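Common to both upcoming complexes is chain A, partnered first by chain B, then by chain C.
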Partner chain A sequence: MANDSDQTHQQQHDLIGSYFLDLWRLKSQTASASHSKDVNMTNPDNEHEQLEQDDDDDEPVPTELDTLNSSGWFSIVLPDKLSVKYPSVNLHGHDVGVVQANCPAPVKRLFYYFEMYVKNAGAKGNVAIGFTNEGFNLRRQPGKNGQVVGTVEKDVKGRLYPTVAVHSQNEEVSVNFGKDPFLFDIKAYEAAQRAKQDTSIERISIPQTASYGIVRSYLQHYGYEETLNVFDEANQTSVPPVTGFHDNGFNEHAMYALNHRKILRKLIMNGQIDDALRNLHEWYPETVQDDTSAICLMLHCQKFIELVRVGRLEEAVDYGRNQFEKFYNLKQYEDLVKDCATLLAYGEPSKSSVGYLLEDSQREKVADAVNAMILSTNPDLKDQGSCLHSYLEKLLRQLTACFLQKRLLNGNQGEAFHLQRVLLAKNS
Partner chain B sequence: MIRLLFLIHYIQGTSKKVITREDWEKKLNDVKIRKEDMNKLVMNFLVTEGYVDAAEKFRMESGTEPDIDLATITDRMAVKKAVQSGNVEDAIEKVNDLNPEILDTNPQLFFHLQQQRLIELIRNGKVEEALEFAQEELAPRGEENQGFLEELERTVALLAFEDVKNSPVGDLLDISQRLKTASEVNAAILTSQNHEKDPKLPSLLRMLIWAQNQLDEKAAYPRITDLFTATLEDPAV
Partner chain C sequence: MTERDVARKRWAGQQPVAPLFSLRLDRLPLVVPVSLSLAVCCVVGVVKLHVGPLLRRQPPLTSSNQLSAREGYKAVRYAVKKINDKDSHNIILSYLIHGCYKDTLESLVASTGLNVTTAQLEDMEKRKRILHSALEGKALDAIHLTEQMSPDLLENNKDLLFDLLSLHFVELICSRKYTEAIEFGQAKLTPFGKVQKYVEKLEDFMALLAYDEPEKSPMFHLLSLEYRQHVVDNLNRAILANAYMPSYSKLERIIQQATVVRQCLSEELGKDVLSPFSLKDFLKRS
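Up next is the complex of A and B:
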């Protein structure tokens, strides 16, 4: 019986440990990728680096007309690659000169827009503007014709190319993909579209106290005990008191080991790893029983990092020799231990590719791992996953997944959700 | 000269897909939410809602920097508290100490504060003072603005009922009226400090419900309906 329960504990601990190691690994990978980018770039753009996981802005946009794939005889793309002219010779009435852009319209956004300027309406004024797909017969007139200021709501599979066409003698048009200012007030259009979306979002009603409850359970989850106490006090003394969101027991962890979790977080955030380890051994020996576990690896690595931070390099070397050997032989830890050891190679480790190890976020990762580990020792625990993710995180993951799924089911068209963008936006 | 414009607007189609819990959980696990960002979100809530002490503690415990000078929260909360407890004169003075432009540039807010002052006079049975205040301070503003006039008339009507609580204008004496005025002042002060007037968290929760509703049209998938427990519910198939 006891063995069974030990085994379950062990499995839970492995799950939590490997989760936080993966987070660490992810950070290590993005840090080394962005470091090599920084080294190659003379002028690193920090703002952009903040949105490192954001690939939407990288989607190619049309910049000029395609000169290779146009319908040769019936149109001439001029050297600026933005103008098209119908040859001045008389051709048959069916002969349309159609030119597509050099790449399809980008789709990972709310909408896409381009303009055509008719320089010469020619003999019949039969110029056209529209979107066509890849295999479009370039001798036909594309979709729309005439002086249109309008929108097409699109739900078509496959990519669409901005396209223009000329059809009669002397016709000449040029397109603007955004290099020059647009005639149409695209910013206002975008603002209006967003406002429409925002209004329908604002109209949704949520329980008034939901945010309070979510903040409170976040503070509980991560063991921010002092904040939690002051927050509760403020809610009780406010006029009127904010109630109806706690003491409902909807947070599974509630106050479990809150004070211990707070103390350990503080120690780790202060770099006092020895003290943290000592307390863990005393209070929750089962979490640090296996000295080759992920949590022990994280703590020992952090101890090493703290020694490097304060310049006690000889001690760091000794500590590493004593502690790292047992981890080196374990394949799953190899890369992370190597990252730590690499700190010793640099005179200014904070500026190296492993500089991320010296950031507060690394301490926080260790503190969060220890916190989750302690949560998993709660005998009343029902859902293992609840040790890893706060309610706030679950809601934000659901929100992000919904946006991505919607886009996926929509032929990869539409915007994604980026929390960092929301956080940067003022007066949303 | 003719210009032709073309615009393509991305919308949704109609086919519906079923996503199992297992598949959905895989997708959820691929989403990485940075701890740092959640901390910022919580700090934004504490600061905007005026939890100055909690914000200070949270700064210490989580290392998250608030996006506003915490001292300004104390001033803002003092104003809010003054309105909530019915000391409107005091509140107006405090707002002007903070930044006189706030009331100068917000005639509606100023009117609502004066209206609240009138309500408090009536609540305290100071009938004569109330009438004098209404005629001297509020009536001139009502002449400038039809909306103000109607609100003034509604407020003065409080004097006409013996059983005010059950009268058609009884809601003005409700605590919610004070809270409404208090939150209006709060928002104006935040705006004057170049800070958004609402915390981001509630709008994200709305956005979650909205995104789920949108996806409902395309797919059956595990939803979260209870925001308090963030529990995934199996898709109805």
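Up next is the complex of A and C:
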């Protein structure tokens, strides 16, 4: 049996390999989900948007007034469930007819809005609007004819119900939860709110070397040797020269095996999997030693995909028969191998639910996986995790995690973090 | 221990908690007399989510809190997974475009199959020439080229125009061409003095003439490379904005956002839980 250090080496390699398999699996799941929704799959941007929307759409929103928990005799909700009127003649201070919406206001968004229309102000005009929880604590934000009059900061945790109340004879109001267009210019309000957020962020100043360092480390990490050289040259002749961080040992290990990694990436992006495998066996045999490892799976599957791509289907079938058998025994790979095999079922595989396999993004995943494996062979390596991501991705993850953590601390209220929104934010 | 673990530990700690908000159940609902007219009376039920002082205290760990905490951590893991290659590519692309790294961009495009149009590359080339002229002290060339590329830009951006003209003025001073400098200053810079906000700047520049060794004057920073870079940055942003392109690269934005949210978080969780965010330290960590 392999000795201890080999085994740990193997386990470490498979941690890296299985990370990329997980990424593949995620892609497979989203691809089939969006394919079944009849979304145009060859438009990757579209698919990404879909993912963004799923989070917030799940939250239920008020649609009508609640007829079950009513204030007894003091209000009558009309059959359309959107209007309320005050029935009796009593004008006692306590005799307020309060009605809530059928569900609390959603919190996973920037703000929530609803409107009330006074059909009949009745004898005294004592209508009210606001938000309440189970008790009857009204918070009111009166407005008038489409303009904001005042707001109240929400300093309460727990779900709040949009609420209206009537109090005197003949009063009648109706609510609008969004079925009809609002009178208040909600879009302008939203834009103003977002602009306020953007301005406060714009004012943060960051050192120039931060962006520069991140870009450079990205190129190093993914093995873009030629691009890195061009970039370095451009910066040497730049005025003023960019200085001040080479000294920090910024990501030194990413220069490791740069040339080999560049070559392998090129081969894989070109579909030359056999050449890639040959090089790996020659230069970094330990990465492909175990033929049932995740990285071998990815490479063999990619070879299969390349054969299908050029229509050499018989060869593909033969190759599949030879190579996939050993993977079929490993449960964790089943679904991915199945996806590959499914390619054979279609006359036009690129239009099927597994069409994503034929895209460049799949080649890129394999290239990234091979890249990470090679980085993991660096004897000076201190942290395995650093093979998986460049600083850019680490920064993005940190940003996402912090943002969501912040929302969590706020009782999980507020918008979901949408990286796209940050990236597409308007700049002044 | 990861930051998450620390935060979680703190949540689970049995710390005495002041009530966040006391429900006044004895209070009668307030009744708002609304205008008696029958016109549409729209009210804004806006619930602004106010984060600040509330979060100085720790919420008690009720069962509903626990559930939402679990949901929350799931959300983090899921959202982090959704960061995909495209985002990284776009961010790098935007950086290179912003900085006019035309050759680098072409090389990257060849290696990755990203999409850049020839029009984009041509625009980058033009912008690069403008910015380099300004950086090398040929501010008049820069102005001329800018006007060629976007005729109204400097007209609508007087501050920038002043700054560019001042660069030429400084160039003349550094080349010891004092007569020319005076002539140029009086012809081009002085007219700005009619507007109050330029007066102080104008005086600073003209005062450089009074010194034998302007680099030893109190206004020496106006001769510096940093000042030139600053003006060129503004010029770059103005040209981009004029072309309806983002005036900040996405990478800058990301770093700014990360800094802000991380600072907020370390304020909320307390400095003993989360150290204040240092970009340099973050990038140094492997």
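As a working rule, the second predicted complex is superposed on the first by the 357 of 428 C-alpha atoms of A that agree within 3 Å, B and C clash if a C-alpha of one lies under 4 Å from a C-alpha of the other, contacts with A are read in each partner's own complex, and residues count from 1 in each chain.
As a convention for this text, a residue touches a chain if its C-beta (ideal position, glycine included) is under 8 Å from a C-beta of that chain, and two chains touch if they have at least 3 such contacts.
Quick caveat, the model's predicted, so the values are computed rather than measured.
Once chain A is used to superpose the two complexes, chain B occupies space that clashes with chain C.
Which of chain B and chain C touches more residues of chain A is settled by the count: it is C. Using the contact criterion defined above for the overlaid structures, shared-chain residue A:Y86 touches neither chain B nor chain C, since it reaches no partner. Within the superposed three-chain model, A:I129 lies in touch with chain B and with chain C [touch as defined at top]. Within the superposed three-chain model, A:Y256 lies out of touch with both chain B and chain C [touch as defined at top].
Of the two partner chains, neither chain B nor chain C is touched by A:Y161.
In the superposed model, A:F114 lies in contact with both chain B and chain C. Look at A:Y218: by the touch rule set out above, it reaches both chain B and chain C. Overlap of the chain B and chain C contact sets on chain A: residues 23, 26, 105, 107, 111-118, 121, 127, 129-131, 144, 146, 148-149, 151, 153-155, 160, 162, 183-184, 189, 200-202, 204, 206-207, 210-211, 213-215, 218-219, 224, 226-227, 230-231, 233-234, 239-240, 248, 250, 265-266, 269, 360-361, 364-365, 368, 390-406, 409-410, 413-414, 417, 419, 422-423, 426-428.
Those residues of chain A lying in contact with chain B across their complex are 23, 26, 53, 105, 107, 109-118, 121, 127, 129-131, 144, 146-155, 160, 162, 173, 183-184, 189, 193, 200-202, 204, 206-207, 210-211, 213-215, 218-219, 222, 224-227, 230-231, 233-234, 239-240, 245, 248, 250, 262, 265-266, 269, 360-361, 364-365, 368, 390-406, 409-410, 413-414, 417, 419-420, 422-423, 426-428. Interface residues of chain B, counted against chain A in their complex, comprise 1-13, 15, 17, 19, 24, 27-28, 31-38, 40-42, 44-46, 51, 53-54, 57-58, 60-63, 81, 84-85, 175, 179, 194, 196-197, 199-215, 218-219, 221, 224, 227-230, 232. Here chain C touches chain A in the complex through residues 3-4, 7, 20-21, 23-25, 27-51, 54-55, 59, 68-69, 71-73, 75-76, 79-88, 90-92, 95-96, 101, 103-104, 107-108, 111-113, 132, 135-136, 225-226, 229, 241, 246-262, 264-265, 268-269, 279-280, 282-284, 286, going by the rule given at the top.
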